[in-house]
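Take a look at the structures listed below.
Two complexes come next, and they have one chain in common, chain A, joined by chain B in the first and chain C in the second.
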Partner chain A sequence: MRRPLRWSIALAAGLLVLAALIGLPFWWVVSGAFKAPQEIIARVPTFFPQSFTLEHFEKLLSASDYLTYLVNSVFVSVLSALVTLVLAIPASYAFFRLTFRGRETLYRIILLAYAFPSIVVLIPLFATFARLGLVDTRLALVLVNVAFALPFAIWMLRSFFASIPREIEEAARLDGGAPLTVLLRIMIPLTAPGIAAVAIFAFVTSWTEYVFASVMILSDAKRTIPVGFSGIIGQYQVDWGLLLAGASLAILPVVLLFALIGRWFVTGLTEGAVK
Partner chain B sequence: MNRPLIAFAFVAPALVFLAATLAWPLVSAFLLSLQNVRSVGTTGTWVGLENYQYILANAAFWRSTGLSFGWVIANAALQTLLALLAALILHQKFPGVRVARTWIILTWIVPTVVVVMIWRWLFSTSGGMINPILLQLGIIDRPVGFFATPESAFATLVFINSWRWFPFIALMMLAGMSRIPSDLYEAARIDGAGAFKRFTRITWPLLAPTLTVLLIVGTLLSFNVFDVIWLMTQGGPAGGTRTLPVLIYETAFRSYRMSEAATIAVLATALLMSFAVLATRYLARSGDER
Partner chain C sequence: MAVTQLQQVSKAFGPVKVIEPLDLTVERSEFLVVVGPSGCGKSTLLRMIAGLEEATSGTILIDGEDVTRKEPSERGVAMVFQTYALYPHMTVRDNMAFGLEMAGVKKPEREVLVGKAAATLQLEALLDRKPKQLSGGQRQRVAIGRAIVRDPKVFLFDEPLSNLDAELRAQMRLEIAKLHRELGVTMIYVTHDQVEAMTLATRIVVLRDGRIEQIGPPSELYANPDNTFVAGFIGSPRMNLLEGRIIGKDPTGRKALIDVPSLQLSGVPVPLRNPGADVQGAVTFGIRPEDLILADDPAKADFTMTCEIVEDLGSSVFLYNTTSRENAVVAELPRATNPGHGERVPYRIAPDAGFVFGTDGKRL
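Our next item is the complex of A and B:
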């Protein structure tokens, strides 16, 4: 049905403000990374670059261990996403499709994980990891990231499992399928969008994690982007060109990931949560 | 075949994992708060509730608690408001709405260190975009140092953190909006209700439960924010942005007083947990879905 003209104008205006609020900072950073140094600090900033150079990227990659950080971040994030899935899928399936005693209570306890400050576990976890020899390993980061992504992942999968008609499951079970077979053969293929959404959530959680990575990792060669890049920021304080190049490169992988499967994530957050 | 046992086998790995990485450290933090351990790895002696007496009489702790309250309220208000406006826009039908719904989340998927760098640059007095724009518009007559005073640093950080989180909240709000049956709007339209009336009479009351849940979630999320503050101001200037998580981190990893940090952490947890419990009780009483 048709919208009155003034509402269309208001909608367009609102959309423009929203796009500017989110898009402009990114535009300035990414376009700034290709500007010549004197243009970056010009008194009157330019919207479209007047100059083009790759010198900031060259300097960043040759003068710092940026590529190492990037590889570490990808490694940690991919592994965290995988482990989260392996733990979250069966748990969520059992919570919402099987019945057992204490199910509700256990589920509530898991949700409580969101109600305490994550920094609380940093101190004791550091001590425990030190004893286990896990400090300064990327595995430590994977463990921590999974711990923080898991409760939300289980909650997020809930609506996807709920949206599958019980009859499908019943039929498979009558055909003699054990719960594990039903999960692997029927439920996982049917909830693929939800699984993609959870994978993205876990990946992003790990990709952006700073606190634990800054405390658990001691050697430069094992740093992830958030910590490695903050070191670069400290070292090249006012070399904005170099820092903008670093920021652009840190944005790139998640943007690529989102371009490929981002809409599954949004579906998972919006339509999935409806049920 | 024993079904409950199988169900439990499905849940067990996740449970064991969370017990080891979250629950056990929480217990150890409590035990640590009853000792006098300084740096990690050293042992201390049991001191009972001494740390609690010391912290509760400590002005810095109360100042941080106050700042945390202010931080949570300001962020919850700003990010919920921005999210509501964004969700109302994205709830409309227009060409490209799918693209808009996907890419609005951009602020949330980039590392906080990048978010901090972006805004530090945009707010900076050399080459930043904000000062020239405000100057041009005549809002200010000379460049402003946004992180120069405790108050302006605090307000700027609230803006940056809400900027990072509001799209995420907006998408969850969108879920609540799409749950409202569209025939309600149809009926209202036929009865001649204008857009504003449809918002106040249909959207707002039916969205209220979702908004309450998201306010609670937003409160928990903002309370825990550490990296944005730490990377931007390290709690300064003059401790003006030293919320509880910053205080805990500083006490543990700058002053090397593990037990004191654990004590503050336990107190913060108690505060947050009681809020969560009260909030969920309130939700349950107002007759919501779980």
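Our next item is the complex of A and C:
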């Protein structure tokens, strides 16, 4: 069916607005990072950079601990994502496959983790971590990040498991696959898009987590980007060039992650299995 | 291969009884088809034999061994699903080899066994493809191949052809029949399609509401149904079932004389299964479409009906005749005959044809 022209125009306009809404801030940050300081704070902002400089990046990497923060952030976020997956996959499979008393209740209760603003649990958690000797360790951040990513990850993965036709699992059982084998060889490959989505979700929440990172970490050498970076910007004055350069670099790992894992986001992975 | 026995096996999902306690023995190399309308419990029965569903009570024996509480993989059964249930991320080869791998068969041997099964099913050229690159018929063959390689004692088929189009279905039906002859294994096949049941089975089990209505070879079920349900279910188009009344017996005492008011028939002699029985009163008169014969001479006709709808199948013609609002009586006539709509057609009833059923549906 052919679309009338005015519909095409309206659709294109709508798409353009959406793309601008999402894309413009990024453009502003990334292009600004390469502008000369005067141009950034010019009274009339420039859309296309009139100048080009790497001085902000140079300053960021040489005169600050930005690289240390970056490494810390990568460490914490990757570990958080991995631990989340290692726990969420078997947990969600169990919630999906096993029938046990109180399953649905437990399944809902885990969402209580999101009932409290993080600031509410911050103090008790700090006290607990202090006794465990976990304050000022990156492990503490991993634990907190996993705790907050896990419930949602379990919910998401369970629905992915539920979308796999029951017969495939039954066929594997008839083929003699033990539950763990079925999970590893059949279910995980088939839920790859869901697992990738959960991994990205866990990574990004860890990557941008600020509140816990600002309180649990005391020494500068263990800070993650959101906290460390806010220290770079300066307490009394804002170095815009530095800020934009730092923000640009902070986006980079997330973009890389999407590029690497994005190929798993293919629809119709179970195509050809049934029917 | 194996004798499969079900002893007083029943299944209930909570308060809902799906299978009443039933006994069933499947002989070696038999092709047993379980047939019945949707929701009659036939798939549940199959899944209990497979071990995918636990029997609420009773014992399931395969080759004399009690497998009631055993895991599906320990029962020596293989199943072909209606939806094929192939592993979509694996090649055809890996799909077929997975079960062998789980059974601890070494890779070189796996290759040989998969190769052999692939040759049987003409899948050699497709071994490196993924399921999504296959047509429906090819997928079904892979699903069958996956069952064959494991050399099971019993093959289970759960409506394997119902996702295929008519032409492919007929072709796969022949392939399955051929396979059964070549492999000589026990097959238990569930379907709601009575044509599949008639063409494939060595014996048919007719199931209704979790109860076995009748077991027997296809020809037996067709020629000698136990009750109105089996009579109506087996055969296409279905047997005409009409209200009647017994008015007596013929001189031999082997046939009942029946009045069928809707056909304006009086005193039709119909063979009794149980000549000795004392039969009288209201009954159901059953007559198969092919037993209604076109009378060449209208004067010798037993009755006439008005032709309502003509279905010309080429090889034969089905005439749907309306006797009353709710009953359409079907007659199967040779292809040459082609009466028009509204025409009065004279019929005779074939000698020794027809069935009598009691008011409870049981054959008399």
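The rule is short, and it goes like this: the second predicted complex is superposed on the first by the 257 of 275 C-alpha atoms of A that agree within 3 Å, B and C clash if a C-alpha of one lies under 4 Å from a C-alpha of the other, contacts with A are read in each partner's own complex, and residues count from 1 in each chain.
In this text, a residue touches a chain if its C-beta (ideal position, glycine included) is under 8 Å from a C-beta of that chain, and two chains touch if they have at least 3 such contacts.
In this text, all values refer to a predicted model and were calculated from it rather than measured experimentally.
Chemist: Under the stated touch criterion, which partner chain does A:61 make contact with: chain B (first), chain C (second), both, or neither?
Modeler: It touches nothing on chain B or chain C.
Chemist: Considering only the touch criterion stated at the top, classify A:175 as touching first (chain B), second (chain C), both, or neither.
Modeler: In the superposed model, A:175 contacts chain C only, not chain B.
Chemist: Which of the two partners, first being chain B and second being chain C, lies in contact with A:215: first, second, both, or neither?
Modeler: first
Chemist: Tell me the contact category for A:90 with respect to chain B and chain C: first, second, both or neither.
Modeler: first
Chemist: Residues of chain A touched: more by chain B or chain C?
Modeler: Of chain B and chain C, the partner in contact with more residues of chain A is B.
Chemist: Contact-wise, after the overlay, does A:184 reach chain B, chain C, both or neither (first, second, both, neither)?
Modeler: A:184 contacts neither chain B nor chain C.
Chemist: Do chain B and chain C touch any of the same residues on chain A, and if so, which?
Modeler: Touching chain B in the first complex and chain C in the second, residues 269-274 of chain A appear in both lists.
Chemist: Please name which positions on chain B make contact with chain A in the complex.
Modeler: Residue positions touching the partner: 1, 3-4, 6-8, 10-11, 13-15, 17-18, 21-22, 24-26, 28-29, 32, 40-41, 85-86, 88-89, 92, 94, 98, 100-114, 117-119, 121-122, 126-129, 132, 163, 167-168, 171-172, 174-175, 178-179, 195, 217, 220, 223-224, 226-227, 230-231, 244-245, 248-249, 252-253, 258, 261-262, 265-266, 268-269, 272-273, 275-276.
Chemist: Which chain C residues qualify as touching chain A in the complex?
Modeler: 50-52, 71-73, 77-79, 81-89, 98-99, 102-103, 130-134, 136, 139, 146, 150, 163
Chemist: Could you pull out which chain A residues touch chain C in their complex?
Modeler: 165, 167-168, 170-177, 181, 185-186, 189-190, 268-275
Chemist: Help me check something: in the complex, which residues belonging to chain A touch chain B?
Modeler: Within the complex, chain A contacts chain B at residues 7, 11, 14-15, 18-19, 21-26, 28-29, 32, 40-45, 86-88, 90-91, 93-95, 98-101, 103, 106, 110, 112-128, 130, 143-144, 146-147, 150-151, 154, 178-180, 183, 204, 207-208, 210-211, 215, 225-227, 229-230, 233, 238, 240, 243-244, 246-247, 250-251, 254-255, 258, 262-263, 265-266, 269-274.
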